[in-house]
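The same chain A turns up in both complexes below, where it pairs with chain B and then with chain C.
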Partner chain A sequence: MAESIEPAIRQFIAQNFMYREGIQSLRDNQSLLEQGLIDSTGVLELVFYLEKTFAITVGDDEVIPENLDSVQQISSYLRRKLTPASQVCVA
Partner chain B sequence: MCGIAGFVGPVPGDLSATVLLKRMIDAIGHRGPDEQGIHIDPGVGLAHARLSIIDLSSGQQPMANEDGSIWVTFNGEIFNYVELAERLRATGHRFRTHSDTEVIVHSYEQNQEQCVDDFNGDFAFAIWDSRRRRLVLARDRMGVRPVYYMQIGQTFAFASEVKALAAIPGVDLEIDPIALDQTFTFWSPIAPRTIFRGVSELPPGHMLTYQDGRIAVRRYWSLQYPKRGDAKPISESVAAEELHDLLVDATRLRLRADVPVGAYLSGGLDSSVTTALIRNYTKSHLRTFSVTFESSEFDESEYQQELVRALGTEHSSVLCTRDDIGRLLPQVIRHAERPILRTAPAPLMLLSQHVRENGFKVVMTGEGADEILAGYDIFKEAKIRRFWAGSPGSPMRPRLLRKLYPYLVGLQGQPQPYLEAFFRAGLDDPGNPFFSHLPRWRMTSRLKQLFSDDVRDAISDYNALEDLSGQLPAEFGQWGPLSQAQYLETSLLLPGYILSSQGDRMAMAHAVEGRFPFLDHRVVEYANMLPARLKLRGLREKHILRVAMSRHLPETIANRPKQPYRSPDAESFFGKAQPEYVREMLSEDAIRQTGLFDVPAVAKLVEKCEAGRASGFRDNMALVGVLSAQLLHMSMVGKAAQGARQVAHAAG
Partner chain C sequence: MRVEQFLSNSAARYPGKIALVEGQRRCSYRDLDEQVTRFAEVLRARGMQRGDRVVICTENSVETVVAIFGTLRAGGVFSPVNPTTKADKLAFIIGNCRAEVLVTQTRLLDQARDAVAQSPSIRTCIIVDGEAPADLPGAVGLESAAGETPPALPSFDPGIDIDLAMLIYTSGSTGFPKGVMMTHRNIVHAATSISTYLRNTPDDIILSVLPMSFDYGLYQVLMTIKLGMTLIVEKAFVFPQVVLNKLIQEKVTGLPLVPTIAAILLQLQILKPGMFPNLRYITNTAAALPPAHIQRLQELFPTTLIFSMYGLTECKRCTYLEPEQLAAHPSSVGKAIPNSEAWVVNEQGQPCKPGDVGELVIRGGHVMQGYWENQEATDRVLKPGRYPWEKVLYTGDLFRTDQEGYLYFVGRKDDIIKSRGEKVAPKEVENVLYMLEGIREAAVIGVPDPILGMAIKAVVVLADGSAIDAQQVIRHCAGHLEDFMVPKTVEFRSELPKTSTGKIRRSEVQSEALRLTQQ
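Coming up: the complex of A and B.
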């Protein structure tokens, strides 16, 4: 499961935000904001996709560039959310 | 209103002058269904399609002066014709009619090209001065009425719409890639350039002379603003009074007609003002019209009804559904004759049809107020961004951005950092002349990703912003920031989209003439010189207008915040009732055929729309932009050439 995160993210971005360029041209550490690939409605599409595909809930305060602005950042964020430790309730 | 057409030089093809003029004027017959007229002299032909509004019995055109040496074909109104006629009669000119048209020929006799300086109106006209063997074309100051021209070999031709030029043998329309680039940046090509190669548009406030085979274009009026910090010291109460009086007079002049005048009542401040002014200064029974929508995101009926009650008008409205928009787009593009990025013109075509069906030919409407009195959100955005630029690291300052769009539910849900990223464009360079418009233009420019390789190659390293920068008036840098932003909006978007695609073309499709008190040049000149604080007080737009008009309007309307006129975009073209042309126009074959867009890129966009996932401005603009460009190409490129060739063949 963990290995297929980056390809899935790349595929989603290429399909939804990149009209022209192919997946190949998107580098994992490339800022989506700076490239103009994602705007304020686009990020909500991304959040919806992540919640649906990976069965997580993205908090309002988690919708920040640090978590979502590149393939690398999105993957790291996802891995943190999917790690069992993060689901443990703090007593 | 009317349509005009004509030529100077040899008649192209194997046609007679009469047949050519008839073809040209028939192509724009929708602009003037009441009468047609032509005038032919050796080497020149003028044609006119009339929408009779002033002097119904004798105002036929083309019209001449006393001795027939000066002829005019004219689209529009000279609202101060009564006063001008008096002055001209006093200096010996003899009038045969009661029309405003006749004022033009006598004024030209008197003052030649300087005659336009005296005209208060919306106009596009052609004068044939037979003594000097000179054709003079003129267009009004703000760009209300259109006139296009082109050179075909030795022949110079002009017309109200490009379709009349396309009727000339030898005319083969092609899309100009640079104009496409400009459209996908500024929402419009920059006049005199049009979307068609070789076809020019006379810019607002300009005149053209064609003499001895040579074209000379000159500007007779320009938008002027005070130097930064130099706006005349004026109190709010005095400004309110003066603006009020100017608007009253502008409206009074625009009520001059031999047919009844109605009004559009969108529910917003501007049309409320124009309607209230008619109501208060004329005994005429007031008939108002509006368009309504299914979704509350776009609909303004509640405000419309409130105004109807307050002003006691007889009102009717027409509902515009998504299906209507889908169905109407081809007709919209045939009339607009350019690609568009929003569907907003479509409901206005439905509205003008409704007006016509109710027996009206003329409507008063509020366009122009947002440009000259700072009504648009873009002006507030620019102000907030400048404030933010003063302290770019501040987390607090950009939060003001959210206050801008209370009506956009989707936007309220948007995360702050992403909202900021959009508005951050150009923040590091507040001195940039385009500071106010950079977010919009940058966002729109992303659509160029959809261009085909051929279009990209043709555009090469052309830079639209650099081009525009070179065309700014010399004084631009001395104006204050609000004036600069207003100049950009008033000189580009207003004539290039609002008055054309949304205005004249949609109304003229059903032979309805719009009249615009806010575009009376005296009102424009006055508003331009007002200090910024009277127009945008804090974040309160059109402040001085609210103060000036508060005595005429219910408080809720006088205080109503801006709700931009919008209509459903991409959603109008997908779903169960999808019109057939949509699938055809967006198909791989069609995209290949026009060669304007990239096949896989469009396929991705279409897939997104079909899945209902096209949200946000970018996808919606992309879909409407691509679809409208395809429709434009299919209806006017190639086929026009084919048609003309067929005609030439038949005649030969």
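Coming up: the complex of A and C.
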């Protein structure tokens, strides 16, 4: 599961926010904001996608550049949300 | 008074005061004034003459403000263009006004290159945040250009207040944008009137997330500098939490919104009444705030004045509602702004009785001079007024008044859709759709959306054998249109309703879609 996070994020961004460049030209640490790839409705779509795909809840105060502004940041954020400590053990 | 004097006056009065805040950068009036002088010298050194047009296609930044005032100080006419505008439309605008200078930024160089290749009028291209690439003729980086020793230039008169100051392109039903012409005097009239009713003082601190290429965002800059206020410049409203933090940290007193931004803010769980004690006022325009949202805003911002307003690019702003009247008239956009008149007329041009729907007409010193080199379009909206020397503006919007004279927006006469507070001309989007091989017919409509106001929807009929999907259609549109014009959804049909002469009945597709959403 952990290995498939980055590709899934890149795919989502390429399909929804990038019309010109290919997926390859977006570096993992490149700021989506600075590249002009994301706007306010884009952030909403991204949050919706993350909540739906990874079954998490994104708090208002977590919708910040540190968590969502690059492929790397989104992946790190997701891993933090998905670590075993945050999951309830099912007997 | 000319608009660039806003800056020289404020720089003389408040030299050390912070005019603009952009991220970590704080720019004083003195700094800004110096940068503007250098920008004007760069333009003049490159042959700028009085009245030359300078297209500014950049994101919100200190440099954008410098380019605007620098152009005016050099006697030029500035034309602010949305930075998400793609090459073809940018080239159209440049060609339409035969602009000689393009101001752009590093991130937008691909667009700039394509546009300049199609634009023989461009002599100079100024890159505000980096060096000029070798393959862009006439290009120069602003920093290096400003660092050059200015040549000895003869003393120069930039012009007077009735000179053209700004060309701002607005979408029209024909699918091609038109350049609204505003003189210095027009702008001074509008800026004075608006800052008066907003009760602005030099102590105001405004946070703007609106594009400076949109007159609503542009005037935040102009009014700030006119009064010696402070403006927190944001490129866009992307991360709500960041904006809210800034509202508190910078002790912001004024926040201009459009309904899309209000809708996103109101979805936040963390907003509680009293979080922003310094926020003196919020403004809304570009589209109507749903009454439920107005109420929610009043609950969350109990000590903040809320101004509902209405306007159009052709006169900047028409009406505003005194905040004290909001509770009694929640769906009104108020009355004419100070030193102007607004009234509703019937088909014969006679004033309507209260309750009757008619077209809103505007009179005042803020009304545009016309559309650039488009007499036909100008004559359709500017008509003779009370005196032989004046023209009044027919807005093309349907309104009614109540018994007390408060104005209520009813609808548009044309087919323009408002999405995210921005104008979208269906024909402009359809023209782009037809560029995609495989699309035989297209109708672009608006569908109600809780955040966007109206979302853009493309209803298309594919050519036989074509297999394109929605994703491809949207990507194609994104390559040619500004962000807010790109369809959110695509519907494929086997046919579209037509008139007896074979013309697509877009209005039928539109009303059908509205009916479906009401069910």
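FYI, the second predicted complex is superposed on the first by the 86 of 91 C-alpha atoms of A that agree within 3 Å, B and C clash if a C-alpha of one lies under 4 Å from a C-alpha of the other, contacts with A are read in each partner's own complex, and residues count from 1 in each chain.
Going forward, contacts are C-beta pairs under 8 Å (C-beta built on N, C-alpha and C of every residue); 3 or more make two chains touch, one makes a residue touch a chain.
Remember, predicted model here, so these are calculated numbers, not experimental data.
J.: I'd like to know which partner A:E51 touches here: chain B for first, chain C for second, both or neither.
T.: neither
J.: Applying the touch criterion given at the start, work out whether A:D60 contacts chain B, chain C, both or neither, answering first, second, both or neither.
T.: The answer is both, since A:D60 touches chain B and chain C.
J.: May I ask you to decide whether A:L33 touches chain B, chain C, both, or neither, giving the answer as first, second, both or neither?
T.: both
J.: Both chain B and chain C touch chain A; at which residues?
T.: 15, 19-20, 33, 36, 38-44, 60, 63-65
J.: Flag every residue of chain A that touches chain C in the complex, lowest number first.
T.: Per the stated touch rule, the residues are 15, 19-20, 33-36, 38-44, 59-61, 63-65, 68.
J.: Could you please specify the touching residues of chain B with respect to chain A in the complex?
T.: Those in contact with chain A are residues 410-411, 413-415, 417-419, 421-422, 442-443, 446, 449-450, 598, 600-602, 604-605, 608, 613, 615-618, 622.
J.: Would you mind writing out the residues of chain C in touch with chain A in their complex?
T.: Touch list, chain C to chain A: 59, 83-84, 107, 110, 235-242, 260-261, 264, 268-270, 420, 451-452, 471, 475, 478-479, 483.
J.: Touching chain B in the complex: which residues of chain A?
T.: The contact residues of chain A facing chain B are 15-16, 18-21, 33, 36, 38-45, 60, 63-65.
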